[in-house]
């Protein structure tokens, strides 16, 4: 990023873009020291919705804890459960049947599209356009219905178990997902014509809050925040896990580093996820969804295990230090928005408050996931 | 390719351990094997050194344990090799009266190599040099570890509670923490 | 209409009635229109098609307690909403609904209208400054710079039309466009007027009226997603109600002005029996497009908005003025 | 100079395209389910709060083996039973579900080997008192049967 703009302001005032503010989509406070409408410097204060997930992990056994993961990021919950489940399976060497892995991949990608749709609606609403939010939520409703039919709940699915999934998908799931894909492609085209092409929208986002590769590296940013600044990093491609090597999809990368690049990356990620779902449905093998004799008590051997997964918000890493008992000795949740939000303080100096809030919208924040 | 480069770059930090280079040469690490074997008796505490771990089992490649004084040096080497910081994890080994801090670094390009740097500090007055000067992204991670474990990070720009309330003096993730 | 006390009272009361009724039911129309655009029904519970919603909203607003924040500048705080509503109603005096229905035909009607219009931005400044809220102060600054930036191109386009007609009285402007649609000033077909840029000046005038009333892509004054609620953050019941009615009254006046200046006032497109109903139809068509625009576009930035005015609208409208003057000289 | 005008016209064109889309949307049917008047049928695997399954003559299948109480991560289930002299099986006397802390994970339903628990289709649970969410499943079963 160009050398941060040093505004020598003689007398500035502190504005609390406070815990209750329409643009923060949650309880996040940014103490901005302002000179008129320009931000001199900002300090993010988090912790308003901190629930100490990591201590809960140590007090509970593995089967009692997996539903907490979907409470971390309720928009893309399945990605987090997938990470947790893969980690424990890797640690205690549980074999997962082929069909379960495919269903996991399909449902994670459906959840990713739902999360990106919600981000798209909220982002355009941050910039003042209200109708695209309603269209995005309507498309998202189709996905939630599909997932509700098989998992039973709309946001916080407890669908994955260690070794497989809770219950099987049926013919109607496959058929309604196949019907959903062309409809989604049509509305994606509509969004591009309605929003991406719009000159007001383009003028607001091009050149807004440039992020350099170096800033992303120093803060460990991932997902569209990094891919918008020319970093070709997606855990599904860099560290392939589960059945992702079988799918061919590509990673959208733009190198401008402004909010428009981040916006375009996420919009194309939705198309890539559609491609993955299509291939997943074609290759869906039949067979069991749980191993023949699923482990009764989960006791991973002593050691330190790490598993990184690509969720809708980025590289979610989860580290397990196990001492061989039923409870994990230490479970560290590395949340992607934590690092993505961390670079906000440094990169929003010198911006107008309008641009800074547009920049915050392009970071795709879910606050409970930052605070854990 | 980057694996060997990182490995040799970081091995330079431990001149005294180069004598038994069998430990460095062996790709499948020696101590890990006897760790599984001797799981019953508590494995003797691990010496400072570089170990290559099997990614499929553990999820990371290079595993380094070093003294707190060498921490900044190692992180500077990792920074020069274009790694990005992933997270800082604190662990409270109450039985050994020690606290461990684990630094995770990974790579953006397809030449995958995840580096894990571990340091051990005594449990009664834990303090570590802060790496915020090298990786600005470590600022919040260090503040969070300070919140949960009470580990002081020297010359950290703004060491106040991050996730806990401002006046919090308790450290919840310690094993002897009573709610 | 002779100017007697009785006539004046009747005229002002009709103007207030028209403005208040319009403001109330435009809110309903906007919420229904927005609902339809976003494929949801909009208010439909109170009364058939939700028609009882505006009166109920009005009662709710009046029932609420008007809170004046501590430390607020009381005089300005109370003056601001009144100043938002009063000029809007007063401007109805000179607007000719049809050749007979007009409160008082001043021969400097255009000047009076713009004098009242500029009072609106003062009320935003009072509201923003007096409510001692950082967001309100910021939105007041924005609203003032926006009002100034967009009054100039608006006045220039009005001068072009007045130049063509030769008189500032609104009825003369409408009479000059008598006859069918080809006589309207939006089309450059008139013998004395082959200026091809009239369509563009209509567009400039329409954009400026949007910006003047803080609407659609230019609603920086009341940017709800950044400045919480802009200048009327601290206003409770009828304070907010007055601002709301003021805004909608301004929209109606903007629509009336656009119809009078460019769409031939109460004239009928085919030259048959003109009357007030044509005027009403045109106003509500323009208001429908204003609502339609609001629910389609995101908000511009403050520098984008000022660039648009200073760099694009003003040069174009100046060029148009010179071109019209030249053409009038030649033909 | 050309780019100045071309930018204006392409900008105007993109605005008109945007308007045309919302115009089409204006005339497409509304998709809202107006909740109090129209309700949706919950899918078959929908997870409301749990409820007891009864056999034919209406008493619950539950044999008070306490498996669900142990499996629940947040300790919402508290149940009690007493052993009558005649029968060999215990009879359920009290089954209280504290729905305020339940996270609907389904561990209880999974751990019950006597198919005595299932998810109900109950979703409108709005209430102003916290006590309404301490649900006595046994009483609820009797009400449903009668």
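Residue numbering begins at 1 within each chain, and the chains themselves are lettered A, B, C and D in the order written.
To be clear about the criterion, a residue touches a chain if its C-beta (ideal position, glycine included) is under 8 Å from a C-beta of that chain, and two chains touch if they have at least 3 such contacts.
This structure is a prediction, so every number in the text was calculated from the model and none was measured.
Comparing mean CA positions across the assembly, the chain most remote from subunit C is B. The highest number of C-beta contact pairs joins the chains A-B. Subunit A and subunit B have Cα centroids separated by 26 Å. Subunit D has its Cα centroid 25 Å from the Cα centroid of subunit A.
The distance from the centre of subunit A to the centre of subunit C, with each centre set as the mean of the Cα atoms, comes to 44 Å. Centre to centre, using the average C-alpha position, subunit B and subunit C are separated by 65 Å.
Residues of subunit C in contact with at least two other chains: 37-40, 295-297. Taken residue by residue, subunit D touches two or more other chains at 15, 18, 21-22, 25, 31, whereas all remaining positions touch fewer.
Residues of subunit A found to touch two or more other chains are 131, 135, 138, 194-195, 198, 200. Chain pairs that touch one another, listed by label: A-B, A-C, A-D, C-D. Taken in their complex, subunit C has these residues touching subunit D: 33, 35-41, 292-293, 295-297, 312.
Residue ranges on subunit D touching subunit C, taken from their complex, read 8, 15, 18-19, 21-23, 25-26, 28-32, 34.
Interface residues of subunit B facing subunit A in the complex, by the touch rule stated above, are 35-36, 39, 56-60, 82-87, 89, 91-92, 102, 104, 106-110, 112, 114, 116, 135-137, 139-140, 148, 161-165, 172-173. Against subunit A, in their complex, subunit C makes its touches with residues 34, 37-40, 134-135, 138, 141-142, 217, 219, 223-226, 228, 295-304. Touching subunit D in their complex are the following residues of subunit A: 60, 63-68, 71, 131, 135, 138, 141, 145, 148-153, 156, 158, 166-167, 190, 193-195, 197-200, 202.
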